[in-house]
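Just below is one structure, and these are the notes that go with it.
Chains here go by letter, A, B, C and D, matching the order in which they are written, and residues are numbered from 1 within each.
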């Protein structure tokens, strides 16, 4: 029996980069959290501590800031630029994975007019991407997180099996709430309109959530993924992780009161967690980008 | 020397209450975090564990849910109802403090129309109140938190003293960003239009932040408080706690690049923390409500 | 009616300072989070943005690091050194408040021997201090936080009043758990053995928690404060904020099982929050240091 | 092109279970966070909302509490009992994954003696397991998290490549600190002494961290994994995710001071993130348990 080095990667995580684009007095803000992970010919540093093939994570951070000087554009493109740079410029680096979170900001108003350089963080969800590059091919995931949604009706849950540990009553009307964690895989990284794709994917996720009369969160999940695939070109697969944020109807009968679907207790833990994939049957292989 | 009991209070904290108001198919959501703190004749339970004067915190929680059955209205009014109930119904309770956070939600859209019962959490800030009642008088604070704002220019910082530990260069153009924590004190709890007051206070805080050409965050703080006092009737005092969320211009010269106010590093810690009070000189005494 | 500036302070918060003391191969680690708040003649910067009296928060940060070069000692002494420096060296600064958190570390072992320069973060609680200085007098608070404790028995809760909203059953055996937040006020800042005082206060808090057969968390709170005052010289007052971390006995009867005090659900929210003060009747006035 | 359902799973996450074992006055505490994820014949609920094959997550939660009534034992065994139950009792469930976190507690002391039923949360790290079962075979991972360690010397970093974005100076003495996230894979789930295995794996991780004179965190990572494989029987593979918690030596020269490795700034973000696998070359296939 011998002991060997298996899969490994390393990089600088959570580089908090803000770029201001100035068009005269009119500014735009891009607020990112960039994480780089590189892998390749890294046996030496693991086995002996020889670092001649280890591009320092500090250098990776510098590269992120320096590349931002030329503008950022869509986060998918910025991630691709970075990933290609690391692999193409360093012989020892064979694979790069760049993950970016983009925080959303809204323009403030002054005297009823949109402010030119004043902003507030908005609750529109955090846009995400994970891009990979192996020296020849590239893969891109896009997604959204930090997006909490709630339907106050049009949700039922009944007909589930009842074993010896089942006490949950069936319900024909409940609150359905979740914090959307969605990731979608693009069929290609060439000639994608990343901005339109994100805007449309987000919009279709929300429309499907709102419009689905739901018998299970799984059904809602599938509807959300299906709608994205139907309406947004170039997306091959959608993965969703949806916590079921339970809102329990409080029992007011001890106080002589009814509760016709009005007063709820919002629970923290435990919560249901529903995870699933919806994909096109002609989707290309996933590549290394999913993890 | 004897050992004695000093000030004390107790209660149920963080009751997560969601109420759905149903007007046919059109629903409204009220999402609250309610914390009750009661004080009074509590020596026995501290000294001997006799609980005959201790309204259980579980009972306080039940009361919050039961009172919500009748509707919530403004959080200030709901807090006042609760505070008065605890003091007026329990001989041993002489003082009640009820603090509420209200999370903001936006209505989703379906096919371009506002959804009737589908919502998403918004980034408009968390509305807060702290209400106190002593059996005769009541006091109310209102406020906002979780509201991050940024000016990408119109902020300078220079002219500060330079002692032996000063290395900071002066700047004529920097990013000014903060997470607004504001609390304002109402002159009275009678006949206040809490909804209008909150809406106008929030709006004036944002307008002042955006419109102030700033030489220090203290100046911006004062302008924010002053503007609320000028424009929102019935507010006697404004307290602001504003972290200076530093955005440092990155030095790109090692890479042969300039950086004309475009690429920034958003730091986590340490941060400046600017706290101040702006008030009317005829403000009534603050009462016990501030802490 | 005029609008005026009220109380205000400013400073650098959360300076994360680690100092290594090297005694040959034997190292010691001091891991701190330092927050400075200064006040004084600050009207100008609020009203006009003139900063000639504003010692930059960046300078404050530099001062913290520079002072650490001479060694830190007890956090109370380090805070006093800093507070006195800011007030005594800057004419415009009339009052300084320095708050420090100290994270606890344990020495690792190698081959059964204590390591000389290897450590792990321990769960012994975070030590805290808040020191104030007004140019003449100084005040010191010390404390502990991040210390979660649990008694699995010897806790009852019964005899509480039952109003129309009371449903809680009485219990003669429950889990009592809390996260200790304790602060104690020293009668003087002169000639205090801060290390012994902290060690003894911490120990007596834990002993009182463990040894008190409890009929209410208030009773436990008082016993904890009383014991510190009885056993630790120079402490005039103890303030405790104790969340009642509820552990609910799960109802297993639907599954044909009893539950003799064995299986519990640990709830997050809501929680009881018990806050109280225990003091010596000859305690000097509190001074400005408590808030 | 058709749209199809891909991989999916669902379950109750973060069931906070505390069990007290009572041996007369002497109690033991087991404090767990249990998450269940089930998969199988779940197309119906996704496509039509028919739930006749969906064991409710509420039922899963009940099962966790009910099974705890019989005792918990090692978390790996408890997870295996639960996983087998779900798959073996529900025809539609073909695969179960049970993840458990176990929080560590220490026994308090009273009068110098170990308390019989009083505990404090300790900083010894959180023990974890992830167990999988497919109806025939089972797989087990064990691990540790929440374990922050630091070497104040015996760490160098130099010899790394210098490209146009490299500014980091080489160093022959730095602080090396990380928060250990380790997971190890057992070759089998039969006849494992889980307690001894965990204790020994944890101890060897810490010894290797402390004893390795390090030229890169990768080298330390490999040494930690290697040592576990060498000393703990039955472990086939170790995966480590180690954030490089940077401690930067502060530049005190502007203040006329040197800094001989004594005063550091502990940074939050960005941080290096080093991830790697060390395994035996005769390790059996990983099975589905890793993700």
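The definition used in the following text is that a contact is a pair of C-beta atoms (placed from the backbone, for glycine too) under 8 Å apart; a residue touches a chain by one contact, two chains touch by 3 or more.
Here the structure is a predicted model, which means the values were calculated and not measured.
*Asks:* Could the interface between the copies chain B and chain C be described as same, meaning over half of its residue numbers are common to both, or is it different?
*Replies:* Same, since over half the interface numbering is common to both chains.
*Asks:* Going by the touch criterion at the top, tell me which pair is linked by more C-beta contacts: A-D or A-C.
*Replies:* More C-beta contacts join the chains of A-D.
*Asks:* Compute the distance, rounded to whole Å, between the mean C-alpha positions of chain A and chain B.
*Replies:* Distance between chain centres: 30 Å.
*Asks:* Using the average of all C-alpha atoms in each chain as its centre, how far is it in Å between chain A and chain D?
*Replies:* Comparing mean C-alpha positions, chain D is 23 Å from chain A.
*Asks:* What is the distance, in whole Å, between the centres of chain A and chain C, each centre taken as the mean of its C-alpha atoms?
*Replies:* One centre to the other, that is 38 Å.
*Asks:* If you look at chain B, which of its residues touch at least two other chains?
*Replies:* In chain B, the residues touching two or more other chains are 16, 62, 66, 165, 167, 254-255, 268-269.
*Asks:* Given the complex with chain A, which residues does chain D contribute to the contact?
*Replies:* Residue positions touching the partner: 1-16, 35, 37, 42, 45-59, 61-63, 66, 89-90, 157-161, 163, 165-168, 214-216, 218-219, 221-222, 225-226, 229-230, 237, 239, 243-244, 269-282, 291.
*Asks:* Where on chain A does chain C make contact in their complex?
*Replies:* Touch list, chain A to chain C: 164-165, 167, 254-256, 268-269.
*Asks:* Tell me, which parts of chain A touch chain B in their complex?
*Replies:* Interface residues on the chain A side: 15-22, 27, 29, 31, 62, 65-66, 68-69, 104-106, 108-111, 115, 117-124, 147-154, 175, 206-207, 209-211, 247, 250, 252, 254-255, 257, 259-268.
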